[in-house]
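What follows is a structure written as structure tokens; I'll ask about it next.
Note that the chains are named A, B, C and D in the order they appear, and that numbering of residues resets to 1 at the start of each chain.
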Amino acid sequence: VAETEREGTRLEAFSDGVFAIAMTLLVLELTLLPKDVANGIPLWDALTHLWPKFLSFTLSFATILIMWVNHHGLFRRIRKVDAHLLFTNGLLLLFVTFIPFPTALLGDYLTVHGTAADARVAAGFYALAFVAINAAWALMWQAISHRRKAVAPGISDHEARALTLSLVIGFISYATAVGLAFFNALASVGLCMLLAVFWTYQAFRHHPEAE
Amino acid sequence: VAETEREGTRLEAFSDGVFAIAMTLLVLELTLLPKDVANGIPLWDALTHLWPKFLSFTLSFATILIMWVNHHGLFRRIRKVDAHLLFTNGLLLLFVTFIPFPTALLGDYLTVHGTAADARVAAGFYALAFVAINAAWALMWQAISHRRKAVAPGISDHEARALTLSLVIGFISYATAVGLAFFNALASVGLCMLLAVFWTYQAFRHHPEAE
Amino acid sequence: VAETEREGTRLEAFSDGVFAIAMTLLVLELTLLPKDVANGIPLWDALTHLWPKFLSFTLSFATILIMWVNHHGLFRRIRKVDAHLLFTNGLLLLFVTFIPFPTALLGDYLTVHGTAADARVAAGFYALAFVAINAAWALMWQAISHRRKAVAPGISDHEARALTLSLVIGFISYATAVGLAFFNALASVGLCMLLAVFWTYQAFRHHPEAE
Amino acid sequence: VAETEREGTRLEAFSDGVFAIAMTLLVLELTLLPKDVANGIPLWDALTHLWPKFLSFTLSFATILIMWVNHHGLFRRIRKVDAHLLFTNGLLLLFVTFIPFPTALLGDYLTVHGTAADARVAAGFYALAFVAINAAWALMWQAISHRRKAVAPGISDHEARALTLSLVIGFISYATAVGLAFFNALASVGLCMLLAVFWTYQAFRHHPEAE
């Protein structure tokens, strides 16, 4: 039993490390626009031009944070780690690690560089990254729920259905955000923001009063 | 009880990770000035031009370190983690993660690039980031002190008042540093340095002789 | 005993940190091609030009992840940490830390910059880095197996032979990938991909059903 | 007692995080020379031009790794953490975090950019960073040895004297490397390499057979 406990704990710790680093690396995309620096634009104006970067930084940070909260709520209740869980969790971490790239694109292309078409591509690519994360989460959840009684006996049928439902909602929502991006970049990003608020609300509602 | 203990420990470990990474990423801003490299200026001279970067690196590192010490002094005594604490702590981490950006601006604009107005903007923006951190800290403290008996029974009324007072002082001081920046960039940065020394002194005074 | 346990645990945690950071830093190489940005190429086209970067990012992430799984499978069973293990593990971490550099070269030179000769150099250098990792792993394994009864009593003779064999196979395979690179860059990268799939399969097969 | 144990463990874990991140960030300095990329030099030739970067990467990685081994050997035996230890350890971490900057300068200026005078400045600055680390280590050791019976009762008088002696040797050696840099950059770097080998030998000799 002690051995099992430690195994789960180490996978949790490793995942936490990846979440923490991915969140912190987001700041490296926060730089002044090269053309503003080259043109010697007043710093205050240069800062105001960065609003899409501040927006994408905050949105990605918040979304990864909520994901971490959920990941940690789930793993707390995992009692056994098998190879399927190890590798589906690895796929999830791959996509989490990837997030700084679409975040940077969104910050760069939402308004600043490129055309309206580029803004739509950046928004669609951003939402697509979260579709991928959602899919990885679904695979991981399947690896758990498949043998739930053995792997995570503390999760009730009711809770399992709720988690499945929320993954379905997430998948549909982010896929919709990808679709929206074909028409309007800001609408797509706006939906991603709404989703972050929704997940936060869900986390608040489901989080036990005090653990 | 064991479960609770572990919950608090994991939030602490995750926060520590973000603090450690944010502190370590500061070094990535330490680069020679591109124009010095382009002009083939002797390396020694190029290094002396970097004093604002060394200053902002050291100041931010020291301030985050003290914040970590305080965070760790507080979380050691947290017994229950609810959603409010989770998310106000998340907001704090968002602003801590953000610090390398105003640090880089301060290093770049205090003397080197831009005008005196840019130096004032950089200094004001830097102090503003710490106002934001202070506000997040206040929200987090409110989430704790609101139900202190349940969440952190080990904190006495006296200690709770001291922490509230130090947050008020911090807020006023950093807001003053923002105000000062409208008149003089170095005065604003100097106040931030004084505050770092003051927090260090406070941490020394309040830290138990041996834990 | 408790002291020993902690020692092993801390080396594991430190190694995990390095693995997690090395994996996460890979994303910093994911940037649009400077020439595509300079020429104002449509974002969608610029993204399609990045396939070698997406490939090398995914390949390196997956390979380091599998290595982490194996490292963690091995260290779980280590009971004593001596200086040889400390330093051979350090050598392994040196090469793991190094991986983002050959990954970046592969992403940059497989198709985009340079000549066909450059692509072969990039592929060969990439495979060479894994030869080095394999050699470090062999040294570390020798430091363990040399006094296996004392250091890791839980590992059976059968398992020890299997690990030695898999290191020999790995060495030969990556050395072959280096050799292939003299003739064809894609063949060399393809072999590295096959190896990642093979290691994953091995990890699945050997991983206990539930720990 | 359990509380104390945890305190020491958390400071250890935080320090480990900073060590691990500083070591891993070193790889970000490993990039091809911009002028080689601009001139379309064959990749193999461009790689051979990087030997000073490979050298400084390996030297810094190895030196920080040995420092981590020693740090971890010391902290294992710390039983009480007071404010002096917290802040002198913080100063040590500040300088450890700083190492990627002098490492990058050494990699850039030892042969490639600039003049022979620049190479000497880069080598001297590099050695100076280790003088600073050595000084921080001495302050931290003083904070411990000052009240050794209470803070680290397991350290014998003999061991305490050995650690003091090795800090004095380290200080004199790195100061000598700074001095040498005024005359010859490679001699200075060579001394730093010898020191890394010497510390490794010391760590081997003093490390218990099996913990």
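As a working rule, a contact is a pair of C-beta atoms (placed from the backbone, for glycine too) under 8 Å apart; a residue touches a chain by one contact, two chains touch by 3 or more.
Since the structure is predicted, the reported quantities are computational estimates derived from the model, not experimental observations.
Chain copies subunit C and subunit D are related through a rotation whose angle, from the C-alpha fit, is 90° to the nearest 5. The most distant chain from subunit D, with centres taken as the mean of CA atoms, is A. Rounded to a whole number, the gap between the C-alpha centres of subunit A and subunit C is 25 angstrom.
Distance between subunit B and subunit C, defined via averaged C-alpha coordinates, is recorded as 36 Å. Annotation for subunit C: residues touching 2 or more other chains are 13, 17, 21, 25, 28. Every pair of chains meeting the contact definition is listed here: A-B, A-C, B-D, C-D. Chain contact summary for the complex, subunit A toward subunit B: residues 12-13, 16-17, 19-21, 23-28, 30-32, 37, 40, 42-44, 47, 57-58, 61-62, 65, 68-69, 72, 76, 200, 203-204, 207-211. Taken together, the subunit C residues at the contact with subunit D in this complex read 3-4, 6-7, 10, 13-14, 17-18, 21-22, 25, 28, 80-83, 86-87, 90, 93-94, 97-101, 104-105, 109, 113-115, 117-118, 121-122, 125, 147, 150-151.
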